[in-house]
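Same chain, two partners: chain A is paired with chain B first, then with chain C.
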Partner chain A sequence: MGYDLNFGWNGVIGQVILGATRAEGGTRNISYRIGGGTTLPFLEGTPSSPLPLVALEICDNPEYWSPIIRNYCGDLVYSVHEWAEAAEKVYDADLVRLYLTSTRQRNFTDISAVGKTVEAVLSSTGLPLIIEGSNEPKIDSEVFLKCGETAQGERLLLGTAEAGRYRSIAAAALAYNHSLIAQSPIDINLAKQLNILLREIGVPRDHIMIDPYTGALGYGFEYSYSAMERIRFSALKGDTDLAMPVICSAIDSLTIKEVREAEPVLQDEMALQWEFYTGIAAAVAGAEVICVRHPKTVGLLKKAFTCMRTSTFFSEVK
Partner chain B sequence: MALKALDVYKLLPKKNCKECGDPTCLTFAMKLASGKADVDLCPYLDEEAKSVLGATTRPPIRLVKVGVGERSFAIGEEFVLYRHDKTFYHPPGILFKVSDTWAPEEITSVTVRVRDESFTRIGTDLQFNGIAIENTSGSPDVFARAVAVVEESADLPLVLMAKNTEAFNAALIQVGSYQPLIHAATNENFREMCVLAKKHSCPLVVKAHGLDDLTGLVKNCIAEGAKKLVMDLCPQSPGDFIITSTAVRQLAITRAVPDLGYPVFLDTTHPSLQDAEIALGIVKYASVIITPPLSPASAKAALTLRQNIYTDPQKPIQMNPGLYRVGTPGKDAPVLLTVNFSLTFFTLQGYLESTRIPCFMLIVDTEGLSVLTAVAAGKLNETLVRDSIRKFDVEHEVSHKTLIIPGYSAPLSGRIEDATGWKVMVGPRDAAEIGEYLHEEWKKHES
Partner chain C sequence: MTDVPIAKKNGETRLKTMITTIKHSVSYDETAYHLPISFALTGIAVHDQKAALDVFGKTDSNPLVASECILAEKTAAEGRESAPYTGFIDDTIIRKLGYSLVDGSILGLALVVGSPTSADSASAICRELQEKYMLTFLAGDIVPSLSHAGVKLGLEYRLIPLGSTPAYGIHFVDIIARVAMMFGGVTPGDISRLLAYAKERAKAIVIVFPGLSDQEIAFVDGMRVLGFPILSLGDYQGGDWIPATPEEVVRLGMEQKGIRVNITAIPIPMGCSPAFEGKSIRKEEMYVEFGGGRSPAFELLRMRSADEVTDGQVTVIGPEIGTMKEGGAYPLAIIIDVVGKMMKKDYEPVLERRIHNFVNYGEGSWHVAQRDIIWVRISKEVVAKGVKIEHIGKLLAGKFRMDFPQLLDAVSVTLITDEAKVLEAKNEAEKVYAERDARIKGMRDADVNTYYSCTLCQTFAPNHVCVITPEHPALCGAISWLDGKIAYEIAPSGANQPIEKGAVINAQNGEFEGVNKFVKKASHGEIDRCSLYSVMEYPMTCCGCFECIALMLPEVNGIMIVNREFKGITPSGMTFSTLAGTIGGGAQTPGFAGISKNYILSDRFLQGDGGIERLVWMPSQLKEELKIQLIKKLADQKKPDLFEKIADETIAISIEDLISFVERVKHPALTMKPLV
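Entry: the complex of A and B
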């Protein structure tokens, strides 16, 4: 019996390139072409898009990070350089997402330190980078420009643009040819609106990834799940303002009650299962970059994604 | 083509006998027309009327009940591929698998765990649904003894998994009247399995790989008189499951292949991929999920994902507006305003509990909208805040007049002060920061 799981769609998810190898003008060991799907993820007999990528999130000031990760990783978290290196070599991530949490300190002004951090991370990993700027609109412009400039040619993914706050990040992305994350609060119309705003100030479609905002499992994840599906359908039905790949980061996973208050011996396992179940569901709904914080989640997700391609059989899985 | 309620009514006996469970033939007709009832419920329909009605009025995916009593669960009767198209109605039953080769105390401990373990989230108790017993030993006697061990400790829905009919016979003598789901009818044994299913009136799993084989097997079982069916798609990998299960759901709800209109069964077979399989089963249309007993972390994550995916997207879960206490707040305790969207409430409550500062939560009626959307839609406004302070008598509960409002409602702070006469402090946008905020800003304010 033949069956068509394309559902008559004719749209295609646009592509975004992350990272640049030496041949492409950067210094990364690999670059990724994300997107290109023509139906829901994992429904294609012959895949036209790559497997979802897994990014490990790290930061340059662990005071702002979950104690679960500080305990698990130990001293590593006090050296962003070693943490980035471990993300690639020990934890086997596809991407590193660096949060510049140092900029969250009150009255932060040391912009040159931002440049040094970015340089350190670039030199300690060959993976493409996602960089999250400040939380403070007043220093956004300087922080993003510094990141953009320091990593010129590396095709970063810069985060995060929001409806009221996208000009500085767009300026940095445009000036140094990076891509950016456009985040809207779990609403397909707001996602589209922001993409249009970005287009109007000149950010090309192939430089945008949509972040529909991911509520933690049990704390609004169902809304994010449906927002991702709806964004994907609109894109497949031909809405080019929503035809960008989706990035998912359930950043509250490690602070919600079930994980935060788990018994100490269960805490790592709780953190990773919370991230894992979220990541699997988000990938099925259309997310193409899944960001996690617990190092153990990385390998589990990557293995599962490989097996979610039909060509892999149970009998071949170790 | 779907029939209208009145067209359906014309074909009914118009006796209003109530035997179908509906008060009148017309209300039954309305249910049939919307796919919410099964023609078989009417005992007086002639075969011709049944065949006219059956194909167009039965739910595109049949409702199947597993087990009896309080913990029994219903599956099927789904109408959409995507939850945002309407909603998913019947969450999958997740059952822990035990083997008849295990020691009785091991079997008992898993059974007792499924009987007693419950995890409360957003005011709902989440539980696993039953026990699957596998005839690994191959011996009917051993199988029957394992089933008896389970039965001794709990009245839970069961799945019986065996290869030979003698084993089923031995088990069904004991539990046949409790409607266990029996696994499985294949091309080789479907006749005997259908006889068993009919004799005990049990739901039956049919098992085949490939949609052609599966459709053929379903037809054969229906012809043999087994009607309560569940389908095991025998996925060769998680990817195979996603594709096959999606195809089955699509062909069933469009009625393109009505014989695929039965709930899907998923046995998570591969130990290192079990969590991925469970997650995929939950989001991609499995109705019965069999898994080895799960670790505490996997158990919570799986139950939470199931709750999320099967939440009706058409109605936000709401809290009753009112003044809620965290700990035992005194007259000088802080009062925090927020909306009655339940997620907002429970998230904030969780963080407040961990600050160990007793306080009041003033929950106002924004019809279940979150802070951000309630501010944007004008539902959260100074009049609502003023009226809520009066209605819930906040002025008599505390000796101060200071209100902490959510960060996202900062633009309203001036107007709330004017309307209420209370001093307004703008809290953080993110509930996770409320502890730090109370320790720093509230303490500063107090001194």
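Entry: the complex of A and C
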């Protein structure tokens, strides 16, 4: 197209390994090396980087989940076991992201149940797992310890570390050799600072994925995009403290006004489309893992990524 | 009395003999680290005498290695000791312990060995260790002594009985060696990383009661190499052991190793959070007020020596709130005394400014201004809930400890409400203020080799880098060189980083090799050069927070300044906000620079462009604000008439008016080297 796509970048995005097969000491059917890019994704004529992975988000207490998903999935949401199985076999996700929403109940203390849930999900799917711990600092320590311990050897991705709250999750990652998600509120400097804090506590760079915080399209996504772009540019220019793969989860897509107020018959489609386009935009900004909640978004995104890589997408659009 | 150096020498000889008598094969189950100390030090897996001697030789006859091998053989030959003793601890438990250390639920590790002379003082020491979130390992007669005193032992009580003799204390070291390998990324055999980890990361202390054998003394003393302070309770002399009394031993040990207990909640009957910071207390909501011109009031933060400050102590001198009339104004002195190993006198003013934030964190307390012009209010609402003057002190003591855990070891607060005593103390405070001003004023850029950066604004100005020097404050005016220094010390990975200025490239413009290198990196490769004292050549980038803008006016060969408060048009043909929009966002724009007000008074002001003689115009309000200091400065520089030659909006709004004014007054800028 006549554009010079050599930007003089010399940095490489670090690689994070998720999941461990039996040969690698775990029980997964597959493991992924995420990252490794040297430029932006989907550029014509550049060495093709691996396609972004798509994770389906599920939870162990659907009370805290969007009614759109509950309606679409039906009884499935009441069995984390079947839901995880369906994520792999029916919906064709690359990864499963489990939210331990059960821990959000007031005065939650049943830590052993957390272990059982993690075991159940590990046995129902062979995909690598992302696990989101508690929302409550008081029980963080026990919850992450339990997750880390139960899934020792499986190379999980644990979420989510923030500037004021990263010790428990870092400890679980260190103790049981998992990776973690470092989230900062749409701010390149805070993202970097958190990575430095994590490094100081001993978490190696190749065990960190950056979550720049993803707003929904039309609801702050442009800020997320800008933060992601700057994080990626800095990394490619050689800033190793930011050279980690990026994970995005546009969960707000399901609760925005357009979806909430859509006609009942259109609501599902509206949510799906919003999630899809937010996911596409995040992938274009360079995200390596896109997390979605609507099962149908998984297939749509995967198809789109394949088309985009081969550039047929553009000719189709024309 | 046991002489430590002599006993140690004898002990080491004895250990040397003992290790050669190892006959059985040695190994522990449930570990992937063989004999962990030997493995961590050399990478060699010891399972028999040959390997043991090999490691012993390779580590210069290290008593820790000998003790580990000897105890391992003993355990292999005689079996484990019975409960409650744990002996060697499995990897799975170590993983959990390490987790608690990283997680912060355990602050540090302690080893207590020997035979206490009194069970009471032994249990008091262990209770104190428990209360301070230390995980304590016990070896020797201390264990039965505690059991008899009714102290519960076990992992859940954070008191772990390793074995019946002090020699079992070696497990303490094998635990730390494994934590270093599991969590610290230490590869077996990398001695220097292991030692660095033990010294800097492992927060461990050792407390020694009497009754150790020579080889046990040799082993305990061997832990000094790991950077653990050895505190002895009587019966030992000489060597580098720190003598202590039972009352002070825990505090002393934790201090030595820099282990601090974090405060998480402040026990006062009102909310305390940054969320309340912006809330003001209006006259009708207020119960009482202090200062604000209505009564004498001041605040002062002082560095003290350790024996002068009792941590958390709050003293109120004078009447409490109960005897104050609603709606009244009363005198108040807020005096904060702080102690800290890393605390420096220079930090006093920076910390003192935090009083403002902290008092405002209180749900019903409000604070403005600083030093002896403070104004404090307490609301009716919280007085009804039981808030007293005392609680403001508690809030301050707690917040200072919470927010500066690395810097401050102890904080006490004195609040004076007795008028005569307030006035007396205020005289003293004023002397301190004057000393401080003199100290900061005296600092020159040439006196220091380290400047500080500020990239706080990169959130919205992605490539902006402020370079802060003693004579060049941040362009927002809010961060001085000292502030940058302390901010870095408090948050070493924060937005203020040290910059080694390096070789001089251009002394006149203030361009330094080190600064350029730093700016290049911090601006993500966008800015190659940065001169600190020039508006014309490679000026500093601008974020958007600058107090003033300095810009060249080629028509008069001079430079004008406009401050943020000035809303009118300037001789440049633009207003402040138009100018700000043009130069902000992190760009470098030759001919334009964002500056702080104080920089105008600096001797480095416009140094690269010919000095203050370049200054041709500034708004009258800014001129008035700086008048006294500026006139004095100009007089010192033998340019007493320059002040009157600087135009303002009452003299010239258009460039034409300005040209005729500067020509009429024969402004020195006209005859200077052409700017462009």
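Going forward, the second predicted complex is superposed on the first by the 300 of 318 C-alpha atoms of A that agree within 3 Å, B and C clash if a C-alpha of one lies under 4 Å from a C-alpha of the other, contacts with A are read in each partner's own complex, and residues count from 1 in each chain.
Please note the rule applied: a residue touches a chain if its C-beta (ideal position, glycine included) is under 8 Å from a C-beta of that chain, and two chains touch if they have at least 3 such contacts.
Owing to the predicted nature of the structure, the values given are computational and were not obtained by experimental measurement.
Peer 1: Tell me which partner A:116 touches in the superposition: chain B (first), chain C (second), both or neither.
Peer 2: Touch partners of A:116: none, neither chain B nor chain C.
Peer 1: What is the contact status of A:175 with respect to chain B (first) and chain C (second): first, second, both, or neither?
Peer 2: The answer is second: A:175 touches chain C but not chain B.
Peer 1: Identify which of chain B and chain C touches the larger number of residues of chain A.
Peer 2: So, of the two partners, B touches more residues of chain A.
Peer 1: Return first, second, both or neither, reflecting whether A:230 touches chain B, chain C, both chains, or no partner chain.
Peer 2: Touch partners of A:230: chain B and chain C.
Peer 1: Now for A:33: first (chain B), second (chain C), both, or neither, which partner does it touch?
Peer 2: Neither partner.
Peer 1: Based on the superposed arrangement, let me know which partner A:104 touches: chain B (first), chain C (second), both, or neither?
Peer 2: Neither chain B nor chain C is touched by A:104.
Peer 1: If you stack the two complexes on chain A, which partner ends up touching A:5: first (chain B), second (chain C), both, or neither?
Peer 2: Touch status of A:5: first partner only.
Peer 1: Would you sort A:252 into first (chain B), second (chain C), both or neither based on which partner it touches?
Peer 2: The answer is first: A:252 touches chain B but not chain C.
Peer 1: Across the two complexes, find the residues of chain A that touch chain B and also touch chain C.
Peer 2: Common to the two interfaces on chain A: residues 230, 233.
Peer 1: Using the touch definition from the top, list the residues of chain A that touch chain B in their complex.
Peer 2: By the definition above, chain A touches chain B via 1, 3, 5, 7, 40, 42-43, 45, 185, 215, 217-223, 225-226, 229-230, 233, 252, 255-258, 260-262, 266, 269-270, 272-274, 276-278, 280-281, 284-285, 300, 303-304, 307-314, 317-318.
Peer 1: In their shared complex, at which residues does chain A touch chain C?
Peer 2: Contact set of chain A toward chain C: 141, 145, 148-149, 167-168, 170-172, 174-176, 187-189, 193, 196-197, 200-202, 204, 230, 233-234, 237, 239.
Peer 1: Of all residues in chain B, which touch chain A in the complex?
Peer 2: 82-84, 121-122, 210-212, 215, 236-240, 242-243, 246-247, 250-251, 257, 269-270, 272-273, 275-276, 279-280, 282-284, 295-298, 300-302, 304-305, 307-309, 311, 313, 343, 346-347, 350, 354, 372, 432
Peer 1: What does chain C use to touch chain A in their complex?
Peer 2: Spelled out, the residues of chain C in touch with chain A are 95-96, 98-105, 182-185, 201, 455-456, 458-459, 462, 493-495, 524-525.
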